[in-house]
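After the structure tokens below, expect a handful of questions from me.
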């Protein structure tokens, strides 16, 4: 998963981009990068580490220019190597470009092969370089950014929200299904596009709207332009952005994420009520869900686990044999709240089950009487091919275990996952506008070896036939 | 403020001390240090920065030994210079010692002068070096650690919780009023003393009890020994540890800090009820108080402000002119929760009023209808001389402003601080066992120019007359 | 200027490459990089800084593999940006390659344009990426490395010594004029190619021979193969390698560099004898020439200037106004050797004259009676387009000043540059095998706006017509 | 060994001290430190590493003040721990001091014990802290710096050149035998004291004179004052400063070090002539000696070994089994100069013999016919207790081996060490003014278990009886 931003403004944009990347840091902690353009040349800096570690005032000073893009990265494809840190910059016919991308192409290997057949070499292993090549290839033919993005959308399969710095302009586009978020904001004297609305808030900007699936936005000092490149007969917004990935204070495709989570929490109470002394989140991801459960049930909200806030990326974890106990270095159970008590513990999801088991164990050791686990997502049954870093099917505890079996495995008194229906209700969108792939195993586009229920695309201004394959019953 | 720890165990203690310092990181983020003893020599490492920044696996490997002490520091006395980073180590008569200290001596200058009259030089500006000198001076005469600590307690005025590494033993003692916390734990195969019980939890140890005011503890491989050096006719536990400083999940002098804060929150509701749509903490310090207010009032607990968790020490803040807006880079108001709503905002304390005003401003800009500020401490009216880094009387907004004036200044719809009585009730100790200096201007020991209500001391095994001055009515 | 190396050996090559790069450090101090191949994948690491700063044991451990290439860089083309650090690695048709290059293409912009017309994007501004593209483009068509290098030699103009890592093989080739050095060595259990013979010595290897101009070498675990791709009717070895750039202990194209310099020193005495008390080099570049002058003249060799050996790259130099004096921080004049003495000072070359003037000034201040400057190169009159970082014509003091004028400018008692004839004699090659461009303004190949006396090429195995332009009389 | 400096000037002294420490870097590469005084307070910075690594412009900017001292260190006593880095700063009776020291006390333990008996603690293991204590102790009694230094000279045994920063004054003194060098210079607008005259040159200052043995110098903005604290009936200048330690371009106690070494080289030829093709130094320490041999013999001076100049402190050396070959990574033999040749190799000294053997081996492998080793010091037979880091008697190859045995051991064709007589002639001082301890085993002061031939002291202005013990015949 990644976070992206593009800004064109009256003054220098490096510091605003810095604050935006910081607001989007939850979308990627492995590396950060900024590329700017000052009317003459590109300035760029990127490195491994958190935003606050990668940049300092000297570096930001040197990143001159009124137009720029930025990126924070948690790698999904490609190795963890320095070349893969984004933005990816390149020169083409005497002009300089930079590109950053959030998502995952499902036909990356095919596209790469196509270019290599023509003699093209690749210096990174990222999808981003592929997108850069497609755009350059099309610009060569038509010199039109619209045609280039149209070409991209015809060729790319998968999820992609892209920002593209072309000298004094920032282009941004979102895949036809709108899988990953992307929104538009107005700053005091310019415009921005970014992964989540919290990044607009960070600059005290005005949220305008989400980028529409299949839309191309161009921001320049002259303002904002939009072209709808494709229309799709349905969407495929990722539900996991609502459940876990996005920040609770973001508004994505019209929904406040915190509200969605709170409603999930309420549904968890209505679907699986229990008598208890307190409702505690697993911090931080379960907090919003837990407030919903508390509100609906009337059981007091009280933290049963306190998270240590000082864990840096260089923190040394205990050795493997101590891992079962190690969770308590991050999360301390509040014995005074838990001993002899019935407690509802709310978390956003269960992936492998290991962390849940460890958390329940340290709560049990305090002398808690009953531990009722409530989970803000339906059981995870299938992998994600569209940008969320999830393990293989075999590693997902719910892929082959019943609720009862998972409950036993994690040693909870009771366990309940929210239902898919309640999740959809909480998001308040038609099911056909959501990607539920990891919950149902049915994806909104064709993925080799998986079931798909794809949406059809119309390319605006043409009679382009969808390149998304037929429903693939296996 | 500082955090301290001492451990003697079967195996190497550097990694346990590392985890403990990490658990105590909230007590000091400026520097960290560890000194160990392996039966032959001292090993030491200390530097500026967070625990996770200062140490790495190679460094911890080289800190060999089964006995050791550690320190995290937020400077109260002394300049921010490298020499002042603790533990302070010294050699004396062929033996090596190390010492670390939490607190603040009120007669540090006098003591320093006394030693200098004898030709003693000082290489740091810390109280810790003074304490080291007193101990060495006494060891020279009597060779008894008990006599040395007795001498300390007779000479030192102020607050001091001390750990002292004397080759294979760790001594620990706490000032006669017990101003700063210090507690004892049992690890799997050894013993530990540390500032707060969460540090015992971090090692999955067993909490034994607090070190008593005036008590000397010695831990060695042979176990734990205790000598009560003085008895005081009263105590002076710092109330600010309960209000703000200690971790919510710590148990200090028998009280779970979270519970004290929750009861304060309940009292805030009872003392100043209001109708509102939600109760939101100022994260993180107001969370426990806010859950109490929500519980007592039935108004839902819901976060109106989301804190960005990735702010490192090198994070670049906006320039001064942008500061009013800058708070939103740390704290994002959740517009969807606040617009057109009446909201109760709960924080732990108001110091200068600047932060409260900024927070209320960014909430107001979301369109909140009413903003009711509730504060978990009584108004701060006087400085702290005993280890909490607080501004001067002039800078404390409540020192010369009425509640109404502060309310206007911070632009709240209503404002209420918890009363001193409710605070004492929530802590559930006799008022004469607490230091309420910052709230009342009356201190438990004599401080030049301030009112004092000192407690009398009896030195065990002697008829020692208190060196605490008479009540000083001015 | 740059230094390059390629090794294929029985065991891991990262540490041998590290020692080689260290031996070649004089050829480039700005950045260093190593890429290796372990039979499955590429490992790479590169960064700004000296070899000893860039690499440590952990990094070298992770650079696994029995085949690898390395590079040290002093930038001639391209900006000083991180992307430009070599080796440049790329993937193509599922295979991974890396390439490093010493030299400078004179038709880089034309070639870049040609590729961009086909839609190719460039992620660096180096010649190296161009060479990578040409090779990949040809491999696509013919899958033959020989054809690919033949295509390179037909297309590339300028100087290039290249190492190319293609999985388990290292290819190396040198431009048809042999402008930059490249030689072959045998290690205990493998083979190597490298810029200078000192790198073979560093591994206690056996020097085999220089790579021939226009030759392609392939080293693999099976040994060494050679194909002569082109034959040229003359060569264009850079004389500045002998005068200054190469290490004195290197043997280049059959000549020990130290010997060439010593003979230049002898010629300097024969051409411009003088009575003096001592002969002193400007350290380090004038040492070998000075020993020759001393030997020929019988005047004792004695250091009049002592160089400080501890100047790191982060050393802070005095501010501009102090620069005239600043040279003495690097070079201390030995007053006891110089006062009231006649001294012959020998340096390798005079570029702008500034340094010579400063050096003579500080010698003069010691009270030296006469200062006779002797210079190991003929006057520099024209720029270098082939890889040596030299200033523009306007900045070269000898481009428009007579010997007398330069002597006055640098404040010497007398001044003599070695003659071109004596230089050629000292190198002991036919003039038509040397590039004397910077001394004569006539270059061995066509360069826009300059006179050329190009050599004709025959591509072996074909009747290829030279792409080197006709003699360009202007 | 260490290098020290003190400056009082019109403007800020941090940058001048930086350049001086850089000029003295050869005296200690382990750590560097500067302390300054700006009229109000001390500023200090010190760390492990070379001068150019420890300091940068920001740090030097913050070291404000017109008076200051500096230190570079190669540890002789005390562990390599951060606390031991000099200058050592301390406060005493409200004033701040700093002290730095070159030398080694032979009664450090006794003095330390004396202070500890009074309750004094030590925070470092350096002699410097002891000297600081003696001065403070005396200042306490008399408040006179002269008395304090007199007390020092009465108490301290061993070698000590000291700079002492007392607010706006810098005091400097040298032990009564003048074992370590210390000299005085005049800067443009102030004064300086420093270990060697090259440091005066580095600031383009004027060398005034050496500090006299037993003299106390005080430099302030008012100029320079001197008090002769003691007179000794002889001196004990370290011969190893002339042979190896000092920079060749320094003038120490009136002798240009380069000249001394050159005369040693001439003596080496006269004592042990040989027919050969070239004279080569072992760089850099044998260069000056080799020029003398060449001059006296008429055999050409030519480098047979080229030293790599880029070895940083982080350079990774080959593993133990490769050490025999490893020397060639630092020193490359110039095969073209050596093959089939008779060569005279000149080095400054032979300590353990290991390096000489390795160097001769790599020369032999080039095919050299004869290798005649000439050594610029007499055989080293005893350890140094006075500040030079030398191995124990057992490790010194010449302590129990004849010249013939050493020659065999290092595999030379012939071997000659300069005689003690010629060394004394070259230095041109009476033998009784030199410390020849490491050559003769007889020291100029009493050292436990060693022979001594001490000089007697008179304390000026008193009838003080020497504290140097009687000649100790064993």
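Order of writing sets the labels: A, B, C and D. Residues in every chain begin at 1.
Rule of thumb we're sticking to: contacts are C-beta pairs under 8 Å (C-beta built on N, C-alpha and C of every residue); 3 or more make two chains touch, one makes a residue touch a chain.
Not measured: the values here are computed from a predicted model.
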Strictly by the touch rule at the top, which chains does chain A share as contacts with chain C?
none
Give a one-word verdict, same or different, on whether chain C and chain D use largely identical residue numbers at their interface, taking over half shared as same.
same
Would you kindly tell me how far, in whole Å, the mean C-alpha position of chain D lies from that of chain A?
63
Using the average of all C-alpha atoms in each chain as its centre, how far is it in Å between chain A and chain B?
39
Junction residues of chain B - those touching two or more other chains:
none
If we use the touch criterion from the header, which chain pairs count as touching?
A-B, A-C, B-D, C-D
Could you please specify the touching residues of chain C with respect to chain D in the complex?
15, 18-19, 22-23, 25-26, 29, 50-53, 55-57, 60, 198, 201-202, 204, 247-249, 251, 256, 258-259, 262, 284, 287-288, 291, 294-295, 300-303, 306, 308-312, 314-316, 318, 325, 328-329, 332-337
Contacts from chain A onto chain C in the complex sit at residues 44, 81, 83, 88-93, 97, 113, 116-125, 129, 132-133, 136-137, 140-141
